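I've put the structures underneath this note.
Two complexes, one shared chain (chain A), two partners (chain B, chain C).
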Partner chain A sequence: MQNTISQIQDPLTIAGETFTSRFLLGTGKFKNKKDLADSIESSGSQIVTVALRRIDIETHEDNILQYIPKNIKLMVNTSGARNAKEAIRIAHLAKETTLSNWIKIEVINDSKYLLPDNVETIKATATLAAEGFVVLPYMSPDLYAARELVKAGASAVMPLGSLIGSNQGLKAKEFIRILIDEIDLPVIVDAGIGAPSQAAEAMEMGADAVLANTAVATAQNPALLAKAFRQAVEAGRLGYLSGLPSQKSDAHASSPLTGFLYEK
Partner chain B sequence: MKLIVNGRDKQFDGLSLQTLIASVSKNPEHVIVELNSGIVKKDRWEQTQLKDGDRIELVTFVGGG
Partner chain C sequence: MTSLNDIRKILDNPDPRLTEQLAQQSAALTRQYFGRTIALYAPVYLSNYCSSHCTYCGFHSKNNIKRARLTPEQTEKEMRTLAQTGIENVLLLTGESYKATPVSYLKEAVVIAKKYFTGISIEVYPMEVQEYRELFEAGVDGVTVYQETYLRERYKEVHLEGKKSDYDYRYGTPERAGQAGVRQISIGILLGLSDDVAQDLHLLYEHLQFMEKNYPGVEYSVSFPRIRTIKGREFALSLVDDAAFIKIICLTRIHFPRVGINLSTRERPEIRDRAIHLGVTKMSAGSSTAVGGYEILEKTQQEPQFDISDHRSLNEIIAMLKTQNFDPVLTDWRPINNK
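Take a look at the complex of A and B:
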């Protein structure tokens, strides 16, 4: 018997761990910690990203971890790394706290467009995966690079939708579609997703998850937008699972074309 | 003695790494330490003695995407 809709079980599985949420939230750029905590809650996210930085020895500022519930998977990013070596160093530092061995590789060596360096990202992924990290690399959507990341031991790939922080949406859509088609790892669309409709578009296409940060953090009401993203990701996923019908260039009536009242 | 902490000169009159960290962080449980490019695990902070010219990196978690 076919499952009823309410019985659909559709977890996201990464490195053997399952998640009911397919929306990942970044924690950067929030105006205050309350907005961050409220947004994490309303997003329903079970995986959030954080960064590592030098502590400010003058201000003694708050540690962000106290605003992230303990049951949420922490994924430390390697932002600030300009090459594989620096990314590996950051990963080793992150591991010291033993909070999580999940690492988002982010290697950027271009200060204008902030595009990830796929070559260095592959190197860092190979080293860290061999050391036992669960590695999720942020990448420019390129099929050959994605295949190398699979070989290097990545647990998912995270192609950018468009330039980071740009809110431009799925500019790289057709290249991400190729990754979804060809790569047997979860594809998580990261960067550039600026509105719930764009997240839904990625999920309808078959992306396994979406990560957003800037859009939520800089909205007038971050927690409200986090909730909207959560629902858009869920709606897009259901749309994908439903087997969306194809677009047509001509019209097809929705109502029957027989039995009209004026027929003789 | 003079230390270089997070890239800046810092005058410090204590002795152990533990004392230094307590003096600059309210949340030492989430601080990670490199001393002269090698990671120092938390259970060794107390016994790690500092000396003039040591380079120390103290990092922690911040918001990020």
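Take a look at the complex of A and C:
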């Protein structure tokens, strides 16, 4: 019997912790902290990312951390790191500063395209995972790199949909699909997602979650777009769970051409 | 890249519709890549001793001004005062005197600055890779070095003496900083020096493209200071009007969507408050351009490098940004051990 929608229990599990929301929000580029707080609320996100470089621990009145509700999982990213060594140092500082041991590894050594360096990301992941961090690496969607990240102890992989900040959507779709098929960790599509429809597209394909930032932060009404993303991610997920006909790439139930061989 | 000819046509075209079109495109790219944020910083002038003779600069060696160099105690006092205003990103400046302000002196200043600021950049004389490396390891995140003008002939005419008169050595400076591992490099043109802005701009773009290609890990920014009146100026200016200035900012943004564009307090408030909508991502605030200008010297004793046009305090700039729906960014870096 088919489950009714209300019976579906479909949590996202990362490193043993479960989340009902599959939409992660980044906190950069907002015009003010109120927009950010409103967007976090309307996004329904249970995990938000913050760049350590933007956490101003000295200034208490305008410290970004004060706008992130306590019940939300804080994941600090290593934005600014150009190699594994720097990412590791930033992760250590992040833990001292926020007491959170959830780290999004972001190693970028190209200021023009802002593409992540998979090789350095794997190194940083191995070190930090061994130290007990929960590591979610941001990566270019490459199967070999993803496998190495699994071995290195990552808790999820975060392939880019397209160039960060580009709002171009799922340019890397076919490569992300391979990761979804082959990697047993949660696959969170990060970067380049510029519209709710693109987030839905990623979720329908079977991504476990989507992270967005630029699109929301730079919208005329960020909180409204955050809500739209939340609903698009939910809709995409339900679409995936429903077994969309268009998603079936193999294993068709009926065999019109060869079925006769097995007829009794 | 837009050809030199097209840059020239754009700058020469007086049609306001073209300016508006460039501005729209530039504004959209800036919002996309930087969001609604403006980074803030302030300079600390450590010394105005100079052994170069640059005809347009208030600090040049032949100019009869009071020379001063902060002692470590004075540096600390200046920095403490500046940090108390809320500034967290500092730009340390000196004249071009290796003798008066050797690398060891700068290193000492950087060590003091680390106590008060999260981001430290330097705008001093060009150095060797090993010297940049030393300062990077001491805590320098950024190096600012302007070619002033990329037109060789003009460069020669305005840089009469001293190390700065060597065009090629100066041109290679961003590269040496990149080789040393410096995180941020800022380059630029001093508008008003050359009467062929289009060509200057085109050569700057070539320089920036070369740097991006060969040192991709560096965060780049550019600056287009417009010449201001100074004591002892010895030559005619080719002033760049506001419309051309705005077009230069917008063209640069369109060519380099992710590069920071910096605007100093040389510019008037009415320009600064509008330029933030068009492509600028970084500005100085509450600045003094004199050695000891924050704390050490009385106003009457100060010798500024150039006169500033925007006298608003950091808090006033922050309030202006908030009113215009921008997030003022004081901290954009957490210093990590660069060794």
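Please note the rule applied: the second predicted complex is superposed on the first by the 233 of 264 C-alpha atoms of A that agree within 3 Å, B and C clash if a C-alpha of one lies under 4 Å from a C-alpha of the other, contacts with A are read in each partner's own complex, and residues count from 1 in each chain.
Here is the rule we go by: contacts are C-beta pairs under 8 Å (C-beta built on N, C-alpha and C of every residue); 3 or more make two chains touch, one makes a residue touch a chain.
Being a predicted model, the structure only gives us computed values, none of them experimental.
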item	value
Chain B versus chain C as contact partner of A:L211, first or second or both or neither	first
First, second, both or neither for A:N77, with chain B first and chain C second	first
First (chain B), second (chain C), both or neither touched by A:N109	second
Contacts of A:T27 with chain B and chain C, given as first, second, both or neither	first
Which superposed partner A:N167 touches (first chain B, second chain C, both, neither)	second
Which of chain B and chain C A:N118 touches, first, second, both or neither	neither
Partner chain(s) touched by A:L65 [first = chain B, second = chain C, both, neither]	first
Which of chain B and chain C A:E86 touches, first, second, both or neither	second
Contacts on chain A seen with chain B and repeated with chain C across the two complexes	28-30, 52-55, 93, 214, 217
Residues of chain B defined as touching chain A within the complex	5-8, 10, 24-27, 30-32, 34, 39, 41-42, 57-65
Interfacial residue positions of chain C with respect to chain A in the complex	31-37, 86, 88, 183, 212, 216-220, 258, 322, 325-327, 329-334, 336-337
Contacting residues of chain A [partner chain B, same complex]	26-30, 36, 49-55, 57, 60, 62-66, 76-77, 79, 92-94, 96-97, 164, 190-191, 211, 213-214, 217
Residues of chain A that touch chain C when the two form their complex	28-33, 52-56, 58-59, 80, 82, 86, 89-90, 93, 108-112, 114, 165-167, 214, 217-218
